[in-house]
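Take a look at this one; I'll ask things after.
All chains are identified by letter, namely A, B and C, in their written order; residue positions are counted from 1 within each chain.
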């Protein structure tokens, strides 16, 4: 190690350490949860939800209990520890000193794991919805293995249970992991009914206080968003995102905004619609698409300029 | 291990196992392909397509045959096994008992590997198209290393060959892996010509029965989709997605929908256009953009309210 | 190994090797940088920027210097090597034989590492902007751990410094890694001010010559793009992308195009606006949304057909 190198590095180390001391060194770093451990938990939970597809294969139904037991003990260990960290970290930040984080983590983890069969039943309906709704689906195995919509909704249904159990940090870390993987951004607070299908999915945003009924189908680029977030943290907790009732379909690129906006039962929202008011049951909303201008490159091909408008 | 822990876990195990027995335990789990192995194959194939860029570096052209041989044996081993699983799994589901999966996997894998030089030649043209079409490209190495469009199209060209060879499950797993990585969703059934470039790419959707000619360029957020999928599985196999002839350019956010929609040679489709009918050769289609409303915050800056419309 | 297998494989190896010799075997393969090493550097740099959140946890401020020193030595080793490769590769391609790549890499790496405290200070402001601007943010830890906007901008601020130091290849590899992870595509050449927030982010594109002031907020699907790239490589270096002055907000799906387009201070651009001309300070631009057509499924629910237009 040359002297120049030593001097340079040691000088840079000092300025970096000084910057830590000055600014935003994490509060209570000793109890921050670990993002990698949380992601490992997600993978193990996914194995539990779809056994034989992910992780260990060649499972036999008669002896699968041993595999499930083994997996559950690992999930318990990892998640219990992370939930404990998240609770302690929150308590320290809020100045609560009396919390029994271990006991509370215990209660949460059992309540969460007891939900697995129900989450699984719902996800099987989601897979069915994907199969029924997508002519490009070869079979349900293909959907379980590869559909980003199913992956995002699987992680959402897990994260949402932890959100309901008031676990700090971890639900959002899970949700944003799903977002990063799939391009589908579902806040763990969103309430989503059964038989839900997101097709293609890239660019979908479903905000924290969205409520979605049963048998709903949405496509890539759909936003269920807030009308304005200029209130910032003052809006925290308010219903800012829309409600979709049962059997709603929302085609690609549509935006539905606002906490008072209710999309009634059976409504179909066309591609690229921009909706900020409620729509009554059974309505079909389509965009009168902007005029298209056509210019021919050569006069023999098409008339020099003509305008054609259409409605889907 | 505390008694409470044992009781809780064993109780949860029972309910989960019961839920497996009741519902959707994978059919023929013993021969499901393994997603991780398929992804490993993709990485090895990528090394074969762009030697020196990914995987082993510092290759010397005179001795590269040894490296290629080694790599091919590994790819063969892994893909042959996975194709065998996929074929067996399909046969069991379809009640075919006489399939010689091993022999069929053999035929498929050789036919597939023989296509590698051709796929490589086409991809080199795709890299050239990216270089010619993107002023932000420093050089072709940058494109090979980092362009998501090239990564997505590389995986597509591999997956499409397996799709043409009627391999079940694996082509879609490959395609959705590319989708997850790049945000570009190309169904392995889509037919794509030479010298193809997807710029930026996030949000692009190219449906199963799309046909794309040579020298085509598309941008982020473009959908080549179906007009309606309400028919669900009844539409399976029908031509549902558009045809783009040679030298077509489609700018960001445009949607082109429908199996009867043909975009003629040399057509340029402007940003955000929504196209559901054929467009003749050489036409330039632009959207008459929706009126914009301008409001000044302070009267001295701009007139209180004025409307300006423009066409690109 | 069966004879048939040997014959098939050796035949395929020959055709692949022949295709390498003919076409695009990488120039100067001995000094190509390694993408995996660059990605490892990013992860270590992220640990340096947000200590305690990623990588090693349970850090104590009094002894953190040892951890930082250790990390810096590893980052130096890896990045120095990769920068050296990138410089040599470029020199060989350009026919420069006199380059002292080692010495130049030395200068670059020190200049880069000295920027870390400043980058960190800026990122802490970005985290604050996210917290202030997003009612769904539980706390700043959640933002650091999980917001894709923060991840993308963290990598951008690192890659941009290397871009300014004229490092070939590596800045773009870093930027496209961020793109792949987050769906946010920021060219390393883009200049971005302080207190910057990208919400949701999927589909955002920020072109090479974009300039963004302080206190700017943009949403998912926003493009800061070029008006035309038909000039291809001839346009290289020209200002092709817009300028956003301080305190600009751009809502989801809006496109702002062209190197002469300046969005003035305090401007708000509404969702889906398509902007190709400058907008004066303090203006609020909203789209007069396309007419929506409503059709009731049953006459008792809604009038058979009615049209409603609205402006946000």
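Basically, contacts are C-beta pairs under 8 Å (C-beta built on N, C-alpha and C of every residue); 3 or more make two chains touch, one makes a residue touch a chain.
As the structure is a computational prediction, the values presented were derived from the model and not from experiment.
Rotation angle relating subunit A to subunit B: 120°, from a CA superposition, given to the nearest 5. Two copies of one chain, subunit B and subunit C, form a contact in which under half of the residue numbers belong to both partners. Rounded to whole angstrom, the centroid-to-centroid distance between subunit B and subunit C, based on C-alpha atoms, equals 22 Å. Shared interface positions of subunit A, defined as residues touching 2 or more other chains, are 183, 202-203, 221, 253, 272, 287, 289-290. Interface residues of subunit C, counted against subunit B in their complex, comprise 5, 8-10, 12-21, 23-27, 29-30, 32-35, 89, 93, 168-169, 172-173, 175-177, 179-180, 183, 185, 187, 189, 202-203, 205, 207-208, 221, 223, 225-227, 229, 231-238, 240, 253, 255, 266, 272-277, 279-290, 311. If you check the complex, the residues on subunit A that touch subunit B are 48, 50-54, 57-59, 61, 64-65, 68-69, 72-73, 76, 110, 113-114, 116-117, 120-121, 124, 127, 131-142, 145-148, 151, 181-183, 199-200, 202-203, 220-221, 252-253, 271-272, 287, 289-298, 301-302, 307-308, 310, 312.
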